[in-house]
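Each of the next two complexes has chain A plus one more chain, namely chain B in the first and chain C in the second.
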Partner chain A sequence: MNAYTDLIFEISRPGRTGCSLPERDVDAVNLSKKLPAHLIREEAPDLPEVSELQLVRHYTALSNKNHGVDNGFYPLGSCTMKYNPKINEDVAKLDGFSRIHPYQPEATVQGALALLHELQEDLAVITGMDAVTLQPSAGAQGEWTGLMMVKAYHQQRGEKRTKVLVPDSAHGTNPASATVAGFRTVTIPSTKNGLVDVEELKKHVDDDTAALMLTNPNTLGLFEKDILEIASVIHEAGGLLYYDGANANAILGKTTPGKMGFDIVHLNLHKTFTTPHGGGGPGAGPVGVKEKLIPFLPVPRIEKRNGRFVLNREEPLSIGRVKGYYGNFGILVRAYTYIRTMGPDGLRQVSESAVLHANYLRKKLEPYFVSPYEQVSKHEFVLSGSRQKKLGVRTLDMAKRLLDFGYHPPTIYFPLNVEECLMIEPTETESKETLDAFADVMIRIAREVEEDPETVLNAPHTTVIGRLDEVKAARKPVVRWERETVRL
Partner chain B sequence: MNIVLTDAARRQLLVSSPDDGRVPRIDAEMTGGCGVSVRLSLVWDEPRRMDITIPVGDHVSLHLDRFTKRYAGEHLLVDYNETDGFVLGEAFDSSCTT
Partner chain C sequence: MTSTFQYLPDTDQDQKEMLSFLNLSSIEDLFSDMPESIRLQGELAIPKAMPEPVLWKKMKGMARRNAELPLFLGAGTYDHFIPSVVGHMISRSEFYTAYTPYQPEISQGELQAIFEFQTMVCELTGMDVANSSMYDGFTALAEAASLAIAHTKRTKVVVSRAVHPESRAILQTVAAGPDYAVEEAALSTDITDLEALTKQVDSQTAAVIVQYPNFFGSIEDLQEIKKIAAAQGALLIVSANPLALGLLQAPGKLGADIVVGDMQPLGIPMAFGGPHCGYFAVTKSLMRKVPGRIVGQTTDADGNRGFVLTLQAREQHIRRDKAMSNICSNQALNALASAVCMSALGKTGLREMAVLNLEKADYACRLLQQKSFPILNESPFFNEFVVQLPKPVTDVQNALIDAGFIGGFDLGPDYGEPNRMLIAVTEQRTKEEIDAFIQTLEGIVR
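Our next item is the complex of A and B:
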C-alpha cells in the first residue's frame, strides 16, 4: 500500500471475492433472447475483485484521511461547520422514525406528522414567519422554491416582474437560483463599510423589481444596520424581501427576519440546526413565508385539523411539489431534536457564543492580518491577506499551510469584494483552547510569511499528498480510471 | 516559462510604462467560495519580494509572484486591444457542488 492508498481496482486480483453466492437453483436465462443485442455486454464489467477484509481496510483507510468536525477545527466561513450532536442520530434512528414508509396512511404516521408540524411551527417562530414548508432538500433548492413563490405572487397580482437584486457580497447561489427561476439579477455594490449601499439600491429599485435577496448578517459577518430602510425601499416599490438564512446562526433568539421586514426565508438546517453537511445530500432547506405568500407554498402541506395531522394537497395557487414525499425526513428529525434539546434559551446562547467566539478570534488576529472592517462582527469575520501578498505569499498558500497543523482552512477568496480574503467562522461549539490554538497557528504562519516564506509557499508538508497541480487538474482532468493509466 | 507578447501588447506596454517605480506584473486573481476561479491580468504594480522576472525583449521584464506562476502555466500569450485592454492566455475555473 502506498502513501495514497491504492485504488480499489489496483488491489484487485482475478478470482478473489468478498462473498460466496449459493449454487444457482434455477435454469440459466439466455439474455440474447430477452434483451436487444445492443444492451448486452460483450465482456464482463471490470469490477474490483477483493476480499471482505481488503474492502473494509481500504475504505477505513480512506475514511481516516477525511477531515471533519469530529476530528478537528473547521472554521469554514459561511458554512457553519459546527458540531452535530450525536443525540440527533440516536433519535433519527428510532424505529418509529426510521422504519416508516411515506405511502403509509396518515392515520398510521401521526407521530411523524406531528414532529414535522411542530418543526414547521418552531421554525416559523425562530424566523418570524407565518408558515413554513419543509420540502426543499437543500438551501439552494429552498432559494429556488422561494423565488418561484415570488414569481407566483407577482403573477397572481397581474404583474410580470423580471429583476432580482443581490448585493455584491451575496452567496453565489443567490444569483444562480434567481437565474434558474427565470429572473435576471442586478448586483448592488457595498459601501466601504461592507454594507449594502442604500443609495445605490434606490437607483435600481423600480416596478420591475421582484425581490431583493439579502443575508443578514451578511457574508462579511456584518449586520446590515439599514435593514428597515432597505425593507421599506423594496416594499414601497411592490417588491419582496428574501432572507438567505445561511447566517441565521448569528441571530437565533436575538431577532428574526420577520422583524427585519423580510417576506421569505430559507434556512440551511445543516448550518444552523446541526444536521450533517451532506456533501450533496440528503439535506433540507425549509422555507418560511409571511401570510401573503402562504397560498403559494408547495403542497402537500402538513396541517392540524380536529386534533389530527393531515396532508393538504388542495391549494390552487400552490407552486406545486418541489420534492418527493415531504422532504428529507431523517434530516428534519435531527433538526427537530436539536431545537428541542437546546430550547429557546439554548438557541439564544448559541448565537451569543458564536458571535463572541468570532470577535475573540478577530481581535487576536487583527494585529497580524489586514482587517478590512472595523466594526464588531457577528458569527464570522473576514481578514485580508493583502499584507502577505506584498511579501510574495498569497492567501491560498497560508490556507495550505494550515493543513500542516491539522486545521481545515477558512473559506478563502470569498466574498469577492475583499482582496485575498479569509472568511473565518469558528462557531459556538469550539472551546477557548481550540480558538487560542488556532490563533497561535495563524500568527505563526503570518510570521513565517515574513521570516521563512518558503515553508509557506511549499505547504502542505505533512499531508498524504502535497500541493496539487490545480492547473493540470483543471485543464487536463483525468476523472476516469483506466487500467492503462500510469499513476503520477 | 514562455511568455509571448503580440505586437499590440508590446507597443502598449512600452507606451504605458509609468515612471514611478512600478513594474509590469502578470497577476493571478483568485475568486472562491465553493468554486475556484483564477483570472490573469497584466497590471502596473510595485515589485514584490521573491518576484520572478521574465524578459520579453525591448528591455522589458514581466514580474510574476510564485502563486501567479503556478497558475499561469508554461505558455502564455499576451495580447492587447482597445476594448478589453491586455488579454492574457487562458484562465481556468473549477467548481464544486456543496
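Our next item is the complex of A and C:
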C-alpha cells in the first residue's frame, strides 16, 4: 500500500482543469441583466482544480485503500457479499439502457419496459408472490413500502391496526421502517434454540396486530421450522406476514415465501442477485405481494397490454409513488442479467452451495469458538466470542486481526441476542480452498488469543491506518474539509 | 446431475468432501429443517440459463429496442456530458464491490471519497453538513419534510406546486406514515405565489418547500420565501439542481435550513431514471437529525488522519424503532461518480457548464419567440422553460420522434395543461440541433 494521504482539495491548484467543455455556439447572456443581483453567485463553490491524470492518480490511490469482493473473501453476515459478475456491469452500461430518459414516450423504451416486466414476473415466481413492484431502491425502502401497503390494506377493511411485531434478532431497519410507516413495534423474544418463541408470540397477537416482520432463515442463519404455525397465528388474528428477503440466498428454488405463508416480500437485489454493493449503494429492494394486496402496490405499474408495455399510473387504492421514476433501473438490468445467466437450475444450485459452505465452515470452526445453536445452518451461521472474551480478547479484536490476513471480517455484535457475536456468510461463489484458508486463519487467531493475546489486541498490524478514534469523531464532528483546517 | 456455472466453483469432488466432513450423504440433508409441505415441487418456472455469448445477443437486442435520440427533455433528469474519467474511476472494483465501510481500516478509500463528496455538497449548497447520499432527490425531499416535522413538532408542511410532481407525490406517500399534512402552495404563472404562501404558512407549518430552479425552470426568489417561512418559525427546505448552483446564489446564503436534490446532472447517466443520487445538506443545528450515513474525520493512535462513519447514534441499526429514518443502503457509488465529475469540472468548469446551459436554453427560447411560440415563463429561467403549443403535446411528441428528436415534458397529466411542453436545453445540444428541432417543431404545429 502507499503513503498517499492527500485530500483532493489539497492537491488542487488554481487554473488546472480535468475536463473540456464545448465552446459556446450561441449568444452570450449577461447574467446581471437576466437575474436579480442577490440570486447570482458571486463566489464559485470551492471545488478542486486538478488535471485529469492527477484525478486518476488520486482516485486510484483511494481505491488501493479499499477492500472489495474482488480483493478477497468478504464473509459479512446478512450482506451476501458474493461475486458481482462483470457481464452485469457491461450490460447496464449499454447506451440503450444507460442513455435513455425516464420520460421518453413509451414507444421509444419498449426494450426497457419489457426487461422490467419480465423481471417482475421472474421475481414473482422466485418469491411465490402474485405481483411485484420494482420501485424501492433498497431493502429498507422495500420494508417501508410493504408496511404502507399493510396500512392501506387494513384501512380499506375499515380497521386501524397499530402494532407491528418484530423478533429480537431482526435487522434494525425492520423496527425503524415500522416507525417511519407510523406503526409501533413490539419485540418478540427468541427461544434458546434461536427461533421465534411461538408461545410468546401468541401472547402479543391480537386484533391490533397489523403485521409480523420475519426473516427466514433468520439472522442467526436458522430456518424458522414453525413458520406455518406462525403464519396461521398471525392470519387468524387478521394480521399480515412480511418477509424480509435479506436472507433469500438460502431458499432459491427450495421453497418460496409464498409457500411459507407470507403475504409481502422484499428482496435485496444487491445481496441475493449479485448486483454490487457500491460501497453502500445503490441497491434495489423490489417488493412482491399476494393477490389481496395488489390494489395497494405503488404506481406507476409496468403492464403488458396487447403486446405493448405500458406504464399504468391510475390505481385508486395504490399507496402512491415511493421512489422517483421506476426504481433503480441500472441495478434491475444487472439482476435481470444474472437471473438469465443462472436459470432455475443455477439459482437452486446457488442456495445449495451457499448452505453447504456455511455448514462446512461452521463445523470447521466449532471446536474453537462457542457455537450457540444446534440446528443445521442455512446460508450463514453465528459464533460467539464468549470463550475468548473470558481471556480478555473481544470479538472486535479478532475482527481487526482478520484484517491482517486480507479478509473482511464477519458481521460483529449482531444479532443482538448472541454475546460477542460473529455472523459469518461465506456465499456460494467462494471456493473450498478459500473456506479452508479462512478457517485456518480463524483457528490461528483462536490460538493467538490463548498464547499471544497482545497480537490480537493490538491488531491490525498491516493496514494503511490503525484503529481509529470513533469517540472523538462523534464528539467533535469534522464532517467536511475546510480550507483553513490545519493539516494533520 | 448438475450443470456447471462460472460463478459456482464447487466441483463434484469438493461437494463430496464437504458433505463427508459433515457426515451427510446429500445436499438435501441440509434442507431437512424445511417442512415438506412448503418445499417447492419441481423447478422455478423461469427461463432456462443462457450462456454468456447468447445472453449478450439478447441483452443487446433489448437495448436496441430503446431509442437514443437528441433530447429536449429534462424535468428532473438531464442529458449532460459525463467525462470518461468518471466511468473509469467508479469501475475500480475496490470501490464498487465493497460494502458500506464498516471496517474503516480497509475502507479508507471509500470513506475519504465520501468525506470529499460531503465537502463538495456543502460548497455547492452553502450548508454546513451533508450526508453521504440518499436514494434520489425526490425521496431526499420527503425525508427533509419528515425531519422538519420531527424537529419543530408541528403538524404540516407547505410545498409549492412548482416543486417536481414526483417529489410531491412521494411526499404524500411518506407523510401518510407519521400522518402529517401536506399542503400545496399555489402558483403565480411560473413561480410560487408569494402572497398566497404568506397566508398559508402558519404557526403549525414545519417547513416551506420550494425547488430552485423550480419544475418550470424558473428561479424562485429564496430570499423572499425565507422571510415568509421565518415569520412563522418554519424551516425553509430547498430542492436544488446542483449544476444550477454553479451560477445561482447558494441556498445556504439565502437562508435555507435544509437543501436537498439529485446529483444526476453531475456525472450520473440518465439510465431510465435510476440509480441517481440524492443529496442532503443542513445547517449545523440540524446535524444530529440528518438521515443516513455521515463520514467524519478522526485520528488513529499514532495521530494519523483517518475517516470513519460517525454520529451513528442517529441511525436505524443503533436506535431501531426510535430512529427518525430507516435508510440503510444509499447511493454511495453514484455519490463517488458525482465527486469525480465535480473534481474534473473543478471550480471554473462547473460555472462554465452552468452558464452554457443557461445560454443554450435562452437561445432556444428566443428562437421560439421569433417564430411566435408563446413562452410562459415570466421569471428568469435556467435550462428549462415552458412553451405553449397549438396542439396537444402527445401529438407533437410522436411527430418529433419520427423526425429524430425526443421532445419536452408534457404538462398535461400533472398540471392539466395538455398543450404546454417543458423544454430542456443542456450543453449537449448544439446550435444546429436546436435550430433543427425548432424548425421541426414549427413544421409539426403549423
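In this section, the second predicted complex is superposed on the first by the 434 of 488 C-alpha atoms of A that agree within 3 Å, B and C clash if a C-alpha of one lies under 4 Å from a C-alpha of the other, contacts with A are read in each partner's own complex, and residues count from 1 in each chain.
To be clear about the criterion, a contact is a pair of C-beta atoms (placed from the backbone, for glycine too) under 8 Å apart; a residue touches a chain by one contact, two chains touch by 3 or more.
Since the structure is predicted, the reported quantities are computational estimates derived from the model, not experimental observations.
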{"item": "Touching partner for A:266 - first (chain B), second (chain C), both, neither", "value": "neither"}
{"item": "Chain B versus chain C as contact partner of A:340, first or second or both or neither", "value": "second"}
{"item": "First (chain B), second (chain C), both or neither touched by A:172", "value": "both"}
{"item": "Dominant toucher of chain A (residue count), chain B or chain C", "value": "C"}
{"item": "Chain B versus chain C as contact partner of A:474, first or second or both or neither", "value": "both"}
{"item": "Partner chain in contact with A:117 - chain B first, chain C second, else both or neither", "value": "neither"}
{"item": "Which superposed partner A:277 touches (first chain B, second chain C, both, neither)", "value": "both"}
{"item": "Residues of chain A at both interfaces, chain B in one complex, chain C in the other", "value": "171-172, 277, 279-280, 414, 470, 473-474"}
{"item": "Residues on chain B engaged by chain A in the complex (per definition of touch)", "value": "30-36, 46, 48-51, 65-67, 70-71, 73, 90, 92-94, 97-98"}
{"item": "List of chain A residues in touch with chain B within their complex", "value": "78, 171-172, 277, 279-280, 389-397, 411-416, 421, 453, 457, 470-471, 473-475"}
